[in-house]
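In what follows, structures are represented as C-alpha cells.
Below are two complexes that have chain A in common, paired first with chain B and then with chain C.
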Partner chain A sequence: MAKPRVAIFDFACCEGCQLQIINMEEAILDLLNVVQPVEWREAISDHSDEYDIALVEGSITRPEDEERLKDIRRRAKILVALGACATTGGVNKLKNHINSDELKRCVYGAAAAMPHLDTSPTRSLREIVKVDVEVHGCPMSTREFVNVVRCLATGTTPVTPNYPVCVECKMRETICRYEYNEVCLGIITRAGCDAPCPAGGQWCFGCRGLVDDPNVNAANDIMAKYGRTADDLRRRMELFNSTEARPCPRQ
Partner chain B sequence: MPKTIDIDVHHVTRIEGHGNIRIQAVDGKVNKVEWQVPEAPRFFEAMLRGRSWQEVQTVVSRICGICSFAHSLAAIKAVESALGIEISEQTDRLRMLAFGGEQLESHILHIGYLVAPDLVGVSSVVSLVKSHPEVVAAVIRAHRLGNEWMELLGGRRTHPVSFRPGGFGKLPKESELKELTGRLEQIVPDLSLIAQTVAALASRLPAFDRPTEYVALVEPGVYTFYHGMIGSTDAPERLPVDRFEQVANEYLSPQSTAKWTRWHRDSYAVGALARFNLNHSHLHPLATRTGTMLGLKPPCCNPYMNSVAQVVEAVEVVEAGMEQIDALLTCGIKSEAPRKPKLQAGSGVGAVEAPRGTLFHKYAFDGNGICTTANICIPTNQNHANIQKDFEAMLPIVIDRDETEIRLLLEMLVRAYDPCVSCSTH
Partner chain C sequence: MSPKKLSLPTMNDWVAALIREHRVFGPQAKGDRFAYDLLGCAADLRLDHDVTILPPRKYLMPPTEVLITFTRSGKFESVMEGEPLVLFGVHPYDVAAIAQMDRYFTQDHADSHYLARRKKVTIVACDVQSASENVFAACMGTATVPDGFDVLLTLVGETYVVESRTAAGDALLALAGVLEDADAVSLGRREQLWMDAQKLLRRQNLRCRVEDLPGLLDRSYEHPAWRQKSELCFSCGSCVMVCPSCFCFDVQDEVGWDLVSGERRRQWDGCLLTQFACVAGGHNFRRLREERYRHRFYRKGKYLHDRCGFVACVGCGRCAAACTSGIASPVALYNSLLEDQ
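Here is the complex of A and B:
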C-alpha cells in the first residue's frame, strides 16, 4: 500500500502547533515510515498540489484565506484541524468582540485605512468547510497528534476524550488550583492534554474547548464551595472560548 | 548583458510565517525589488484591552510559538513594572536560566533544520539524515535538550505556564537543576560538532557586506539576553527600555502588514549578529573560541553571518546556564509563592532579547489591573526594513547571475534573519 501523501498548511496563528511536530525529534522518522510529506512550508522546500491528508493549522480571517482553505478541502481526502486556532478559533476570536475599524485604528493608528489590513471576523475551520478530525489544544498535544496520524494512515478513527481535564489532573495528583483561591476551567474543558497547566502552577484556561456536555450542576457546586460565581468562569473562558462565554455582536 | 528577470517567490519556505520575494528587471533595469509580508493581522494589541494583568502573558505567548518564552517573559516584566511588583533574585535567575533553553532550542532549530539544507544544497533536513547522520543526531540531541530545559522551568515546551507575574507557579527541584547542569555539560561535544560542520560549510554563505545599524540590549560585563539598556552601533548613548518607541519609530509600508522600523538610518537590524557586534567582548570562553573558529569577527556586517552568530550563542547560553545553576544551587531553591501587586493604575515596559532580537512589550492598566492599552514591537518588525535594504543593495551586484541563483541568494538572505513573520504581524 502506498503511503498517504501529507501536506501541512497554516493560516492566522503562531505556528506553535507545527513546532510540536518538529518537537517530536527523531520520532518524526517513525512517522515518515507511514506517511509521505509532500508540502510543509515551514520545514521543507518541496511543493505539491496533490495530497491525501491535509493538516491545517490556524484560523481563517480573510476572504482569500477562506478560498485557499476551500481549495485545500477540494484536494484533500481527509482534512485535519491542528490546534485551537483551527478547531475553535482560539485566542484569535477575541477580536470578534471588537468593531473592525476600531481594531485597525487601535493597532495601526494613522495607517489604519490601508486596504491590506482588512480582515473579517475570525472563524475556525469547521465554520467554513467539513473537518474530518480535530486535534485540540494550544498548542496541540504531540502525543495526540501522533496517534491521529497513525490512525489515519491505517484507516482507523481516532477517539478524542469527552470528559473534563480534572480527571487527568487528579490522576497526576496535582493540588487543585481552587485550593489556591484561583478559578480553573478544568471542570468543563475537554481532557486529552494530561493537564500540564495545573501541574505547572497555572489554572487551566480551557485551550482544548469545552466537553460536549459540560456538567453545569457540578460546576455550580464547585463555584459555590469556593465562593465563586458562574461569571468568574465565564470571564476566564473568554480567552479560548470567547463565543461560548459571550456571544459575538454581528459585524 | 542586459537582462530580464521575473522572480515571484510566493511564500518563502523554511521560515516561520508568510513572506514573498518579488523582483522584476527588464533589459537590465531593475524596476521592482520587494520583500513582502502578506500575513493576516491578528490585532493582539486590541485584543489585550480589557484583559486582566494575570492573563496578559497567556494571551501574548500566542503571538509566537517559536519564541513563546520571550513573549511571556517580556510581558511579565512589563506587568511587574506597571504594577510595582518587586521580584526575588531567585525568580530573576530562574527566568534567565529558562530563557537560555529557548535560545538553544530556537537557534538549533534554525541552524539545523532551516539553514543547513541550503549549505548542503538540498530541500530539507530529511535528506541530511542520510548524508550527515552524525551531525543530524547532534542537532536533534541539542534541540531536545533545549526543549526539556524549557519544560523544566516553564512547565511546558511551548506557551509556558509556570511563569507568573511576581514569581513562579511551580519551582524546579534542586535535584532537577543538578541533572540539567550535567546534561548541559554533556551537550558541549555535540555543539562543537555542529560548529565544526558549519565552519566547514561556511564558504557556501555569500560574502555580502552592507554596513547598517545594529541594535541590541547592552549591560555592563554581560552578554545579555534579559536585562540592560538599548544600545546601537550607530550611537554611543544607551537608552532605557521604556523609551523603545523612540528607537523603533514604527511605520507601515504598503508591501507589509507588519510594521517596519528605523532609527539612525533607513533601517536597522536586531538578532544574534547585532548582539554579537555589540556584546562580543562579554562572551564566555568557549563561545569566544567558537566565534574565532567560525571566523566571526566584530564588527561583522554580512547578514548571512547571523546564523553563524547563532551557533556562537548556542554555546554561550549553555555556558551561562551552567553558571546560573551554580549560583542557584549555592543559595538553594527557596519555596516562595508569586508576589502580589497592590493594584494601581500605571504603565510599564518589558524588554528581552528574543532569539531573533530585541522584543518590547508595553502595557497600561487601570486601578483594577485591567489592561487599557498595549504596544508590542517584535524583533522581525525591526528587521523587515533591513531585509528590504539588503535586497536593494544586493540586486545590482548579482543581476548578471542566473535567475535561479539570484532567487536562492535572496531566499537564503531572508532565512539568515530567522524571521518570525507571523509574529511580526501580531
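Here is the complex of A and C:
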C-alpha cells in the first residue's frame, strides 16, 4: 500500500504544534515510514497541491485564510486539526471580545489602516470547514498525534476522550485543586492530556477545549460552594474557551 | 497462628525487614492526604492514615493494563502482568472491597488478568486508627473484617496485636523474629477496639440497615432526588474512579509504528461518564446525566446485590470526598430517599 501523502499547514499560531512533531526526534523516522510528507513549511522545502491528509494548525483570523483553508479542504481526503488554535480558536480568540478597530490601533499603532493588516474575528477550523479529526491541546499531545497518524494509516477511527480531566487526575492520584480552594477548569475540560498541570500543582487551563456536554448550569452552585463566583470561572475560561465563557460583542 | 504482640520498635524493624525482602506498598503522606505507594523505609508508612485517595485496587486492577499483544493478521498472545507484592496497612473496608472484587472477577467468567495479579498479593490489614470525615463503613458492616487478609494488625495502646491467618502471612511474620503471644489484656483491648470501631467509622450515618438498601432502591426509581442531585453532576467520574469496588473498564487497541503489531489495553471506565453507555452506531442508552447518576446507585445498591448477594459499597466515603459538586455521598442520597418513604 502506498504511503498516504501528508501536507502540514499553519495559520495564526505559534507553530508549536508542528514543532511537537519535530520534537519527536528519532520517532520521526518511524513517522516517515508510515506517511510521505509533501509539504511542511517548518521542516522541508517541498511544496505540493496533491495530498491525502492535511494536518492543519492555527486559527483563522483573516478573510484570505478562510479561502486558503477551504482550498486545503477541497484537496484533502482527511483534514486533521492540530492543537488548541485549530480546534477551539485558542488564545487567538481573546481578541474577539475587543472592537476590531480599537484592537488594530492598539497593536499596530499608526499602521493600523494598512490593508495587509486586515483582520476578522478568530474562528476554529470547524467553524469554517468539516474537520475529520481533532488533536487537542496547547501544544497538542504528541502521544495523541501519534495514535491519530497510526489510526489514519490503518483506516481505523481514532478515539478522543469525551470525559473531563478529573478522570485522569484520579488515575494519577492527584489531589484536586478544589481541595486547595482553587478554581480549576478540569471539571469541564476534555481529557486526553494525562492531566499534567494539576499533577504539577497548577489549575487546568482548559487548553483541550470543553467536553461535548459540559454542565455549565452547575457552575454557579459549585463556585458558590467554594466561595467563588461564576465570573471567577469565566475569567479562567477566557484563555482557551472565550466563546464559551461569554458571548462576543458585535464587531 | 495465635495472635502475637508486637512492640512499636519491633514493628518498625519488621517493616524494615519486609521492605528488604519484598515490594511493600503502604499508605504514605501525599500533600495533606494519603496515598499507597512503594515503601522505601519504615518511617514513611502511615498506619495512622484516615483514608487514601485511591484504594489499593490500583495494584489489582491498574488504571491501564495490557491484556494481549496482537498482530493485525490475527495472531495474539495474552499478557499476564503482576509481580509479587505486599499491601501493608489495608483498612478493613478496603479488605472487604478486595473480597468483592475477587467475587466479580471469578464469577461467570474468570478474569485471568485480574487473578494473575491477585494471587501474587499478600494483604496485611490494619484496623483503623483515625476515621475520615466521610466514612460510614460501620453502616455497611465493614468497620472490621473477620477475614480476607493474610495478616491483621491492631494498635492497642502502645503495642500492636498481630494475627496471621495464612501461610503467606506466617512467612511475612517470620521476618519479625520470635514473638510473644498476645496476653489476655491486649486481646481484650482489641475486642473493645473492634466494638468502638462500630461508632468511630460512622461519621456519616445511614438511617437504615444495609440489607434494606436494595428494597429502598426498588421503590425509588422515579424519586425526584435523582434529577435534583444530578443537576450538579459534571459527569467527571471522580466518584467511580476512587471507588474500591468499582471495576468497569473500556478496551482499546493500539498498533505500533509497524502498523502490524499492537497492544490491547483496558482502562478504568465509569458509568457516570457520558460515553460509557454509548454503543455501536452512536446510540447512548443513558444519555441523560440523571440516568447516569441514578445508575451508579442501582448498580451498586441493587443490580450487583441481586447477582452477588451483597451491596457493592463498603462505606469508605472516598466518592463523597472526591465529588467536586458534593452530590456523590451514598449516605446523603439514601437518607433523602428514606425521608419520603
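Keep in mind that, in the parts below, the second predicted complex is superposed on the first by the 241 of 251 C-alpha atoms of A that agree within 3 Å, B and C clash if a C-alpha of one lies under 4 Å from a C-alpha of the other, contacts with A are read in each partner's own complex, and residues count from 1 in each chain.
Keep this in mind: a contact is a pair of C-beta atoms (placed from the backbone, for glycine too) under 8 Å apart; a residue touches a chain by one contact, two chains touch by 3 or more.
As the structure is a computational prediction, the values presented were derived from the model and not from experiment.
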Touched partner set for A:117, first chain B, second chain C, both or neither: first
Contacts of A:196 with chain B and chain C, given as first, second, both or neither: first
Touched partner set for A:78, first chain B, second chain C, both or neither: neither
First (chain B), second (chain C), both or neither touched by A:13: first
Touched partner set for A:171, first chain B, second chain C, both or neither: second
Chain B or chain C, by number of chain A residues touched: B
Touched partner set for A:42, first chain B, second chain C, both or neither: first
Partner chain in contact with A:128 - chain B first, chain C second, else both or neither: neither
List of chain B residues in touch with chain A within their complex: 11, 13-17, 38-47, 49, 51, 55, 58-59, 62-66, 68, 109, 113-114, 117, 123-126, 129, 137, 140, 143-144, 147, 154-162, 164, 168-170, 251-252, 254, 257, 259, 422-423
Interface residues, chain C side, partner chain A - complex: 30-33, 35, 53-54, 58, 63-64, 72, 231-238, 241-242, 252, 254-257, 259, 268, 270, 273-275, 289, 322, 324-326
Complex interface listing, chain A residues touching chain B: 10-20, 22-23, 25-26, 29, 32, 37, 41-47, 61-62, 65, 90-92, 94-95, 98, 102-104, 106-108, 111, 114, 116-117, 119, 138-139, 196-197, 199-202, 205, 239
Chain C-facing residues of chain A, complex: 27, 30-31, 33-34, 147, 150, 153-154, 159, 162-164, 166-167, 170-171, 173, 175-176, 178-179, 186-188, 211-215, 217-218, 221-222, 225
